[in-house]
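By written order: A, B, C and D. Residues from 1 in each chain.
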Amino acid sequence: MQTARLETFADGVFAIAATLLIIDVTANAPGAALGAELRHAWPQYAAYAVSFLTIGIMWVNHHACMQLIERADRRFLFINIALLACIAFVPFPTRLIAEHLRDDGLRAAALTYGLTLTITSVCFFTFWFYASIGRRLIAPDADERMVQGISRAFRPGTAIYAGATLVALLSPIASVVLFALIAAFYVVESSVFARL
Amino acid sequence: MQTARLETFADGVFAIAATLLIIDVTANAPGAALGAELRHAWPQYAAYAVSFLTIGIMWVNHHACMQLIERADRRFLFINIALLACIAFVPFPTRLIAEHLRDDGLRAAALTYGLTLTITSVCFFTFWFYASIGRRLIAPDADERMVQGISRAFRPGTAIYAGATLVALLSPIASVVLFALIAAFYVVESSVFARL
Amino acid sequence: MQTARLETFADGVFAIAATLLIIDVTANAPGAALGAELRHAWPQYAAYAVSFLTIGIMWVNHHACMQLIERADRRFLFINIALLACIAFVPFPTRLIAEHLRDDGLRAAALTYGLTLTITSVCFFTFWFYASIGRRLIAPDADERMVQGISRAFRPGTAIYAGATLVALLSPIASVVLFALIAAFYVVESSVFARL
Amino acid sequence: MQTARLETFADGVFAIAATLLIIDVTANAPGAALGAELRHAWPQYAAYAVSFLTIGIMWVNHHACMQLIERADRRFLFINIALLACIAFVPFPTRLIAEHLRDDGLRAAALTYGLTLTITSVCFFTFWFYASIGRRLIAPDADERMVQGISRAFRPGTAIYAGATLVALLSPIASVVLFALIAAFYVVESSVFARL
């Protein structure tokens, strides 16, 4: 089975999940009060930016995997669907964090956000190792060092997100800052150091 | 007529219908009450998961059909549009079930959900048999055993969904559990036994 | 300039405009009253079906045009964007008709719907004749009879939609029935008689 | 790294951001009052048209850049994601302008809209110059005059949008008219004079 339509479908879900984030950005105030309301709504812009970037990073990783993967079987299609269901879920906890950044609901919001990203990284792990173990779905001409490089990069993902999620039990705000830092670190690290 | 744009359009509708499901997942509660509200909202997550998976399965099936179909005529384009209209309708009854899982509205919600999936499977049946009877739109080099295999797999679909829908008249909750089991069974069956 | 990305972008807008129609389908009622509410909401399903079909027909026509068009210039890209802006607007008057089918607002709703489709068909007319006059953007190997056939099919479109819109001044309900009949007639006519 | 999936993902975000604009177009009025309400809602249609056109123009520009760009590296993928995050943000300030065109909130709305477009044009500037400086990601056979032409066309963009944004401090309505004129001017200029 070819992978072209898997990629079209995945690109669609990534693009929509990222773009739908804007639906939840709102600022309602009558007349001249709008300016103050817009400044007050900064958690929404921050949540939008972090989630868009996080979904963008996942798209980059999905892209990197699919460049080495040549075939798909039924199980791989369903693993991919489970992964996409997690990614399409991200707008929901994003909205929760944006709405509760300044009240007591932040702990529950951060746990939901973190749990979503932890499960997503488990799906991503499964997605990649199902394809790469024994080079099951890998293109014959794919460079083994690149396959190993992706495996190495994916291994700590689940632990990192699970850790940042658990931090929410002690300090919800620290947990939320960690989610932003993980995304920022990933961009800097893979831009500055990685050579693909 | 080539089928490339039919597939792009279909992939778009599948991806959007699946991703739009998240818009209806909501949890509103002030401050510390958010945690309890989020746990209480589990029917929404379950409905999201089952519907995302169901749309994903339909995408896999559409994909499997299109690998054997080489051409399209006008009638086939319109059958495809009717099929996509059914799939894009799924978020509506999903929302109904999520909202009414714990009240007396579940019967009406389950009937609506089941009716939608039953009509969808009639469209899918028409889609495939219009293309495959006499190999009308099938690629000349497509393996006849694969064509027969899909025909065999599609035949019971409408009866299964119609049956699960009628169960809602006796027990709405049993009907809803059946919809989830049908999706789960399909994934297990086609992953473990099917060899494509 | 190649037309591949024009088609991807257009397919995206068609798919999203059609799929977004479901967001406006709603039925709110507590408990056992849901069944009655769902039956009462039939104008919403009908409006969804007619608009999905109408957008689907426009996609089929766009598809048919693009099979003969080989190149694009800047002006053509902007005409295409204007056409897509009209198509992406369709969910708004659809919602108006669904909400006002049984009250005095139907005249305004039908005029808005009809005006949208009339302007859309003017854009479609411009889209096709800009590309086809003197075979400006037509592929050299495209069959001249097919080019002429599309031109012939497109010519009455604007007058038909303008006529159905004006009917709303006399009878809004007749106008709405006409919009449904135009879509249905198109499917039957192009499926039964046209040979592409 | 190839650019095909970058384009699919980008086309998805452009198409969805443009099409989502319609969600915010609303007109609520009972019965016969709908006609007056629909006429009163004209700022929403104007905002929809200007923003759809503006996103369309950005798509045309993205398209023009990608025709000369052959490769992508990690940094370029992240610059592209930042650019898409800006474009997907446009529906939010569009909604603000449509809602506040006739009240004291217009200044804040116009500043938000202008700031969004200014940051977007900074991202676009970075996107293009990252790819084109030293022809880093440019196809070897791309015409140097076309590369220079795009560079020349992109240079004033940020200053123009920053200027139109600052005008909002003096006159919000003049600022909003400028945003519409910039889009209209671009279409006329690139259609009439540019030859690509």
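The criterion applied here is as follows: contacts are C-beta pairs under 8 Å (C-beta built on N, C-alpha and C of every residue); 3 or more make two chains touch, one makes a residue touch a chain.
It should be emphasised that the depicted structure is a prediction, and the values quoted were computed from it without experimental measurement.
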Answer with same or different: of all residue numbers used at the interface between chain B and chain C, are over half used by both copies?
different
Tell me the rotation angle, 0 to 180 degrees, that brings the C-alpha atoms of chain A onto chain B, to the nearest 5.
90
Distance from the mean Cα position of chain D to that of chain A, given in whole angstrom:
25
Distance from the mean Cα position of chain D to that of chain B, given in whole angstrom
36
Residues of chain C whose C-beta touches two or more other chains
8, 12, 16, 20, 23
Complex contacts: residues of chain A adjacent to chain B
1-2, 5, 8-9, 12-13, 15-17, 20, 23, 73-75, 77-78, 81-82, 84-85, 88-89, 91-92, 96, 100, 103-105, 107-109, 111-112
The residues of chain B that touch chain A in their complex are 7-8, 11-12, 14-16, 18-23, 25, 27, 29-35, 37-38, 48-49, 52-53, 56-57, 59-60, 63, 66-67, 187, 190-191, 194, 196
